[in-house]
Amino acid sequence: MPPTSPKLMPMRDAIARFVHDGDTVVIEGFTHLICFAAAHEIIRQRRRDLTLCRLTPDLVYDQLIAAGCARKLVFSWAGNPGVGSLHALRRAVEKHQPPSLELEEYSHFGLVARLSAGAAKLPFWPLRDYQGTDLPAVNPLIRGVTCPYTGDAIATVPALNPDVTIVHAQRADRDGNTQIWGLYGVQKEAAFAAKRVIVVVEEIVQEQVVRADPNRTLIPGIIVDAVVCEPWGAHPSYAQGYYDRDNDFYVEWEDISRDEAALKRWLDAFVYGVADRAGYMHELGPERQQRLTAKPQISAGVNYGF
Amino acid sequence: MPPTSPKLMPMRDAIARFVHDGDTVVIEGFTHLICFAAAHEIIRQRRRDLTLCRLTPDLVYDQLIAAGCARKLVFSWAGNPGVGSLHALRRAVEKHQPPSLELEEYSHFGLVARLSAGAAKLPFWPLRDYQGTDLPAVNPLIRGVTCPYTGDAIATVPALNPDVTIVHAQRADRDGNTQIWGLYGVQKEAAFAAKRVIVVVEEIVQEQVVRADPNRTLIPGIIVDAVVCEPWGAHPSYAQGYYDRDNDFYVEWEDISRDEAALKRWLDAFVYGVADRAGYMHELGPERQQRLTAKPQISAGVNYGF
Amino acid sequence: MAVRAARELHDGDVVFVGIGLPNLACNLARATHAPGLVLIYESGAVGAVPDRLPVSIGDPALVTGSLAVASMADVFQFYLQGGRIQVGFLGGAQIDRYGNINSTVIGSYDRPKVRLPGSGGACEIAIHAERVIVVAPLSPRSFPATVDFITSPGQNGKYGSRQALRLPGRGPVRVVTDVGILEPSQADGELELVALYPGVDAESVMKKAGWPLRVAPTVTVLPPPTQAELHLLRDVLDPNHLYIGKRDA
Amino acid sequence: MAVRAARELHDGDVVFVGIGLPNLACNLARATHAPGLVLIYESGAVGAVPDRLPVSIGDPALVTGSLAVASMADVFQFYLQGGRIQVGFLGGAQIDRYGNINSTVIGSYDRPKVRLPGSGGACEIAIHAERVIVVAPLSPRSFPATVDFITSPGQNGKYGSRQALRLPGRGPVRVVTDVGILEPSQADGELELVALYPGVDAESVMKKAGWPLRVAPTVTVLPPPTQAELHLLRDVLDPNHLYIGKRDA
């Protein structure tokens, strides 16, 4: 193994090198492990005309849309989970407030299937879905094939191969061998589907830590282009075993995003006004960090011997 | 949770209740976790006309074929890995020695895809495969569809939904929540594809052991019909962390299976002549057991707290 | 509604759970008549036993101590499409006379009056779960004759019946409202009133639907929530009343 | 052959490894010029560093200390079909003039003279790996003009060329034998002699193929194995000479 890894770099360099204007970008993570740190750096570097893909756009894409980074949104459920709406997104869609936003809409399964096809380098993925719904009528990319065995009509969605996928994870070695526990979401499929992969982790660990428990590795280093160490990089989302979800902030976002001026002030204070994730955490303050820090509940090991 | 589980039963009952003459049976496990104990009980109960499906028939199906249980074999690589041939299988195919055996042949990917389709309750699975090969010419179930996006010709295989799948694993709770580490093979897909699932484990553990590390659970109890505790049930295959592969036995099989009389003697001694797995292990002797017992190499735990 | 929804669940059911009332209903059922209920969250937590009220479908408390974690691909392919889910709960901004549900847009799709969140997993729950239980307060606005957009298919509609479409699940078999229960008719799948909460009369209920609501030949009066159920809901399962109002039990 | 095969590997390659000679070759390459080689076994072990010579493709020693374990579905869909594998090794009972490989049957399929193991993953390795390296001793029996059954597609054949079939990988780009190396010609993909081991003459090699073997305009003479390579193979990597004979390095 090489003594140093050229993949290990600060967030600034990873975004500068691997996220370009006009790219199709996936920042995945289903509630768990959503990489806000990467999104904020994309905002700071003022990327434009991005096609943003995610099952649940969540606050992370509401912020990118508010900051004018997005041209198009590919999604399956656009709300602030358990709280209300994504108001920057709704303003763009309902009032066409600039920048206007193109929508491409699926169900969760449809978007999971698009990423699975992308990961498998198949041009489409079959699924039993959409019969009796209006979704195919508003999305011409939802099509179908006839089963060569039963004659059944089976729906299809096309492969999604993003230019770049950004995955947050608990830990990786410096070559990008990445371990995740807790909810997996669609992180593996999103990473394998991408032309370029940025992994952002709470901790860089020695390769020996990864090798001591290979069944925990979700993403192999061979498909990873950049490894960024960014503790608390998923806040206000969470990292199982590191920190809890900041549900208060999800509630606060309702008021912030409803008011354009408040949203602008928030971006100025927490994104444009800080240099990096450490600056953001400083703004957030130590009390919140302390309150959200995970309590220990350590699993037992298993025997890999033979 | 119920105080007792009606799923927990001896191997004899599990095979008697869930494996019937004429069934399509999958005993999976790629090198790792091949359930010889279940196969031997099927032989003892003299099941007939089974359609046996497995990527690598291995010694386990060579024994079932030799004992006259099989009518048909669905497979993708039929050899004694690293050693030579499966001679009972070859006699059936090359010399049509009774009982004659019908073959249905795929590549590994094709059979993995058949089980994936079965698990997903899709009638087919698409794969980029078989172009330029003779396999479709000898297997009319390898067909194709045209991609509705690119016009590409994509191969297909039909879903495989076995009547029963038997999975060996390191541990499960008594409801069948099953944890596996080391090589996964195609165990998950084979279990989800099946109408009935028998899980055979090295250890029954308390539900709390499973719940302490839910990311290790490969098969949920909700799809499991029977849970059998059968230590050493995978020998001469292996269980990572419990015992090593008995490579010597794989080498010995070459001579045993080449000679019909020797094979019959072996079946008499190690299958018909013993009542159960404990009897088999007794025949095998303590030295071999001691030599194969795994040495400890325990992984560290991870934090599931929040 | 939470108590009624809980009573729709059978012991041993595998339930696809959302946040809010369905989650409460499931936990109430587990604490009362259905201890063997298995809760599966869209996020991939299987057999969750959260030690706090989860405020999101991907709450870390759903993972800690659960029986298994499934990837989203497995949740949708192997669990839901695979036919392993007995019960799914759905709600929505609009529910029509055949149980079609709209959670996508009010108004036209291209120029929406209100942009709703969209399907999420609702579309595939409606197609694949063995039974769907819809939970929503009854009002003419929420129960129009026809929805503006079909996100999740009901019993019948412009694309044909479930049988004609060969949908694997039985679709919405019960609609639990704040005044009573609707069920699809055998004949054409149109929702009709089959049960009332105590003290509610059928006439007042009929005015709350956006179409001439049919009343089944026999309408049951439902037993009220027991003290035990109310205590569990108000003091144990949702002590801060995040999801239940006074009226709402 | 193991030394020659090892020299075909580049540092940083992701290699799909089988048991036997290919495994030896990979470990030799890692110990010499390609320390960054990543070994992926069909069984799902990724980045394996076995501390004993694995005797099966699913040996537990391949898992202990590896970087990742992938399910078979992921191995075939995401790694191999996903285009993540640079090099695959293949052998077979028969290899024809276009590099098509037979590992299925000798004789007719329905009435075989010899029933061979079948494809396993060979068919998809031949289709998807960026480069395929074939390793087999040269003899007229093993290298007939046409194989009895095409298990793994070569450069050209009765179903058309790789380009016409739009196969993603480049197919067999090198055939490493015990006397020299064959490569597909630019023109039609027919294998021709491009390199010889020291002390071997082209005439004797040409007699060992089951068709009139073409010789490339320039034929290189390969440097012999170094003492270091031989020492590694014979004393470290395969001390019991399970896979190498005297002649075989």
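First chain written, first letter: the chains are A, B, C and D, and each begins at residue 1.
Convention: a contact is a pair of C-beta atoms (placed from the backbone, for glycine too) under 8 Å apart; a residue touches a chain by one contact, two chains touch by 3 or more.
What you see is a predicted model, and the numbers here were worked out from it, not measured in a lab.
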Pair joined by more contacting C-beta pairs (A-C or B-C): A-C
Chain separated most widely from chain D, comparing mean CA positions: C
Centre-of-Cα separation between chain D and chain B, whole angstrom: 29
Centroid spacing, where centroids are CA-atom means, of chain A and chain B in whole angstrom: 37
Length of the line joining the C-alpha centres of chain B and chain C, rounded to whole Å: 39
For chain D, residues that touch 2 or more chains besides their own: 45, 60, 63-64, 69-70, 77, 81, 168
Overlap residues in chain B, where contacts from two or more other chains coincide: 121-122, 127-128, 152, 181-182, 188, 212, 215, 238, 240, 244-245, 294, 297, 304-306
Chain pairs in mutual contact under the definition given at the outset: A-B, A-C, A-D, B-C, B-D
Chain A to chain D touching residues, read off their complex: 1-2, 119-122, 177, 188, 192, 207, 210-212, 214-215, 217, 220-223, 304-306
Chain D-touching residues of chain B, taken from the complex the two chains share: 30-32, 55-56, 75-79, 81-82, 85, 89-90, 93-94, 105-109, 112-113, 116, 127-135, 138, 152, 181-186, 188-189, 238, 240, 244-245, 247, 250, 294, 297
Residues on chain D engaged by chain B in the complex (per definition of touch): 19-20, 42-45, 55-60, 63-64, 69-73, 76-77, 80-81, 100, 104, 109, 112-124, 127-128, 149-154, 157, 159-160, 162, 165-168
Chain A-touching residues of chain B, taken from the complex the two chains share: 121-128, 141, 143-150, 152, 154, 156, 158-159, 170, 181-182, 209, 212-213, 215-216, 238, 240-245, 294-306
Complex contacts: residues of chain D adjacent to chain A: 14, 35-36, 38, 45-47, 49, 60-61, 63-70, 74, 77-78, 81-84, 168
